[in-house]
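Across the two complexes that follow, chain A remains constant while its partner is chain B and subsequently chain C.
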Partner chain A sequence: MDLSFLQATLLTLLGGLPLTLNLTACSVLLGGAGALVLALMRTSGLVLLSGPARAYVFVFRGTPLLIQLFMVYYGLGQFRPALQELGLWSFFRDPYYCAVLAMAMNTAAYASEIIRGGVASVPPGALEAASACGMRPLMRLRRIVLPLAIRQALPAYGNELVLMAKATSLASTITLMEVTGLAGKMIAQTYRAVEIFACAGLIYLLLTFFLTRAVLLLEWRLSPRRPRRQPAPPTIRITGEPA
Partner chain B sequence: MKTLILASALLLAAVSATVTVTGAAAQSKPTAITIATEGAYEPWNFTTAGGKLDGLEIDLANDLCARMAVRCTIVAQDWDGLIPALNARKFDAIMASMIVTEKRLAVIGFSEPYAPTAAAFMVEKTSPLAKLPGAGTTVDLGGDSAKVTAALAPVAAQLKGKSIGTQTATSNTAFLEKYFKDSVAVREYKTTEQHDLDLQAGRIDGVVAQKSSLTALLAKPDYQGFTLAGPTFVGDVFGKGIAVGLRKDDTVLKEMFDKAILAAKADGTIDKLAQKWLKTSLMN
Partner chain C sequence: MTATHPLPLQAAARQRTEPQRPVEKIAVLDLHKSFGSIEVLKGISLKANQGDVIAILGSSGSGKSTLLRCVNFLETPDSGDVVVCGEHVRMRRRRDGRRVPADPAQLTRVRTRASMVFQSFNLWPHMTILENVIEAPVHVQRRPRKDCIEEAEALLDRVGLAAKRHEYPAVLSGGQQQRAAIARALASHPEVLLFDEPTSALDPELVGEVLKVMRSLAEEGRTMLVVTHEMGFARHVSTRSLFLHQGRVEEEGPSAEMFAHPRTDRFRQFIQRAQS
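So, the complex of A and B:
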């Protein structure tokens, strides 16, 4: 076991961590916003809205992320004159934006289904009660549906978060040097695949560890408070003389 | 001993390359071998639209196998996994336009080279880089260092701030990082086809690759708007030529390949293949 090599490897690979985190955060934030819109479209009950949402989810959940990434990067790259005319080329020229776009679109599809599940789980009684109190649909959505739906969807969404964090490794295929990209480069230079991939794996393991803890914490915060610790039973002081 | 058994059981022994396999009994002449290529480096080795492997190295491999009187299976494998997989005994030889370099020699063995190597830049004709200084000259990077510096300085000045694509884990990448680290942004791709696409899309300003491969590429209609630029680079990181990659302990196989390659060179087979695939002579 070559400890100094492992240490050097770990340090080099950690250099890719900011980009990995950046890609994860941006694609999850953008994708999350997209997912919310898609989920609301899907549950709106209007064919004009739910139809496109269904089609979107069908396409983006039905094809591999790697293909989506290549389609955005190399595929759209072939339409450079058209994109230049639209003024979009400076966006698509950059592999970083292409990666964020592809990953956000992908996670939006998955997450919208997760949120839809959460929305479907809101008890009808709660909705009726809200209506009975005189809440209009938007207020009902904001005060009743979304808080309950998001709480319900959180465990499944945590899974999606972890999957996205690991999926950023695909960005290395379009020249972005994040953790996996750096690992591949180091292996190419040293041919020591086992040690380097082990180090890269360790970094992802730690990353997902903290991610899952964060989701757990959020889950706990959003749960109706668990019964607090029973107040200490009043200590009975017997003041009188013992019998 | 126990760890060694465990390691080989996990197929790690060969991969980690720190554990060398020793004590191989007197090797007998193999009757069947597997040769790996990349299958994405036209015209040296590539995959046809029908999914078949073709190219100079495929023809050459078949010729060499006939000379060695062994049955050959040719397989395709990702470029950056070729050397680890060879040492893991997934196949017996690499013929993938692989250049003999010091770094690779530390991990695997090589046969006699079957082709010399030279690298060049390819850029868009309309790009300012098309007038890269030094066109028509050859810079021997292994030669007199003062001369090399003098030849590279104007090239580096013009490349300042440009992004250049190369295939990851190649001598071309090593070349850029050693000589142009301060001037260019190196963008690394899994295959040369990918950097060619990005050059066409205008995401990068140029690519560095083997001149023979670029020359063949420029003959295609899609690449009419592109041209070679600047000097031709040989020596140093570009090593001692293209050779068959072999495991260090496969001495018998090396001897067989050496003999076959020398014979193929002597009777003009290799030059004929070069004319067919590269439209140029290799023996310059």
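So, the complex of A and C:
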């Protein structure tokens, strides 16, 4: 074992970690917003909205992320004049934006199904109580449906988060130098695939470990079984009348 | 005797001025409602004045819950009118032919005036008891949060749950949850309280604590519509009873009289079955 080589490799590969984190965060945030919109379209009960959402999920869940990535980066390159006319070329020319876009669109499809499951799990009684006290649909969504749905969806969403963190390695195929990209480059220079990939794997392992911990912590924070605040010291009331 | 002399005069004076028209809180006129091909309500009318406690009785499937749910439009009646606190709820027909309340602002107003307590409590599981109680006043009625909290604490104190205000519903017993739900219903200053079988989901030993709260509400002169199987409550607490059978009002009248002298065979049988 060449420990000093391993150490050097690890340090070099860690240089790609910021980009890996950046890609993960951006695609998950964008994708999460898209997922919310898609899930609401799916559960709206209006064919005009649920139909397109269904089709979107069918396509983006049914095709490999790698192909989606190539489609955006290489595929759209064929329409360069049109994109230039629209002023979008500077966006699609940059592999970073292409990667974020492709991954966000992909995770939106998966996550929308997760959120839809969460929305479906909201107890009908909670909805009825919200309507009965005069809440309009939008407030009901904001105050009751989404808080309950997100709590329910969180464990499955954590899974999707881990999958996305690892999927960022595909961005190396479109020239981005994140952890896997750097590993590939080092292997081309040294031919020591085992050590380098082991180091890269270790970085992903640690990354997902912290991600799952973070999700668990969030789950625990949102779990409704624990008093949120410490109860105030007991006050002695003389009567039941409001003060 | 001279000292007491003015009193009868005052009473007489009050008698002359007081028989004002009772304030009508709820009026339901000729309500029809079908689910698919099953007609659940076949033309029901109902009136509740200020201070009335109306027990709605009937065997399961008689339409009593549906009637109550039509009053605050959790179910939309197919035809007929609902008037809540003098406000006639306007309806419109959607393109698919279904009738829906025409004015969302009016619907919110009506629902705020007629608060509902459900059979299965339906507290919001992600909020503490206090948060449940202040939710509608703060977010629907937009009253200052601080006032709402003060008021909610007084309400929770009244239903005996002051110590539980920072707990979540899941850790409370059924009876406690239902009392919290009653506090939640009271928090939006309703003029009418609707109870949909409030004790049917409770263990027998927890029924009493909920009935006690309901009785105290009745005694302070609140207007209440109560769908219930609690014959004791109907007989001794409610002012009037309404007995439904297969979507029609079979018998109605002052509760004491109705229970003492049932006029219809069906109601007589119903009471006997409930007692046995």
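Keep in mind that, in the parts below, the second predicted complex is superposed on the first by the 225 of 243 C-alpha atoms of A that agree within 3 Å, B and C clash if a C-alpha of one lies under 4 Å from a C-alpha of the other, contacts with A are read in each partner's own complex, and residues count from 1 in each chain.
Here, contacts are C-beta pairs under 8 Å (C-beta built on N, C-alpha and C of every residue); 3 or more make two chains touch, one makes a residue touch a chain.
Small disclaimer: the values here were computed from a predicted structure and weren't measured.
K.L.:
Under the stated touch criterion, which partner chain does A:Y74 make contact with: chain B (first), chain C (second), both, or neither?
P.N.:
A:Y74: touches chain B, not chain C.
K.L.:
Per the contact definition in the header, classify A:R151: touching chain B only (first), chain C only (second), both, or neither.
P.N.:
In the superposed model, A:R151 contacts chain C only, not chain B.
K.L.:
Based on the superposed arrangement, let me know which partner A:T173 touches: chain B (first), chain C (second), both, or neither?
P.N.:
first
K.L.:
Return first, second, both or neither, reflecting whether A:G62 touches chain B, chain C, both chains, or no partner chain.
P.N.:
neither
K.L.:
In the overlaid three-chain picture, which partner chain does A:G45 touch, first (chain B) or second (chain C), both, or neither?
P.N.:
Touch partners of A:G45: none, neither chain B nor chain C.
K.L.:
Residues of chain A touched by chain B versus by chain C: which partner has the larger set?
P.N.:
Higher number of touched chain A residues: C.
K.L.:
Touch test for A:A132: chain B only (first), chain C only (second), both, or neither?
P.N.:
Second partner only, chain C.
K.L.:
Touch test for A:G184: chain B only (first), chain C only (second), both, or neither?
P.N.:
In the superposition, A:G184 contacts chain B only.
K.L.:
One more residue to check, A:R192. First (chain B), second (chain C), both or neither?
P.N.:
first
K.L.:
Show which residues of chain A both chain B and chain C reach, each in its own complex.
P.N.:
none
K.L.:
Report the residues of chain A in contact with chain C in the complex, numbered from low to high.
P.N.:
Listed in rising order, the residues of chain A that touch chain C are 123, 125-126, 128-136, 139, 143-144, 147-148, 151, 222, 224-232, 234, 237, 240-243.
K.L.:
In the complex of these two chains, what residues of chain A are touching chain B?
P.N.:
Per the stated touch rule, the residues are 2, 74, 77-78, 80, 93, 95, 173, 175, 177, 181, 184-185, 187-189, 191-195.
K.L.:
In their shared complex, at which residues does chain B touch chain A?
P.N.:
Within the complex, chain B contacts chain A at residues 12, 15-18, 80, 83-84, 87, 103, 107, 165, 168-169, 173, 187-190, 194, 197-198, 200-203.
K.L.:
In their complex, what parts of chain C are in touch with chain A?
P.N.:
Touch list, chain C to chain A: 72, 74, 104, 107-109, 111-112, 115-116, 118, 120-128, 135-136, 139-141, 150-151, 154, 157-158, 162-163, 165-171, 184-185, 188.
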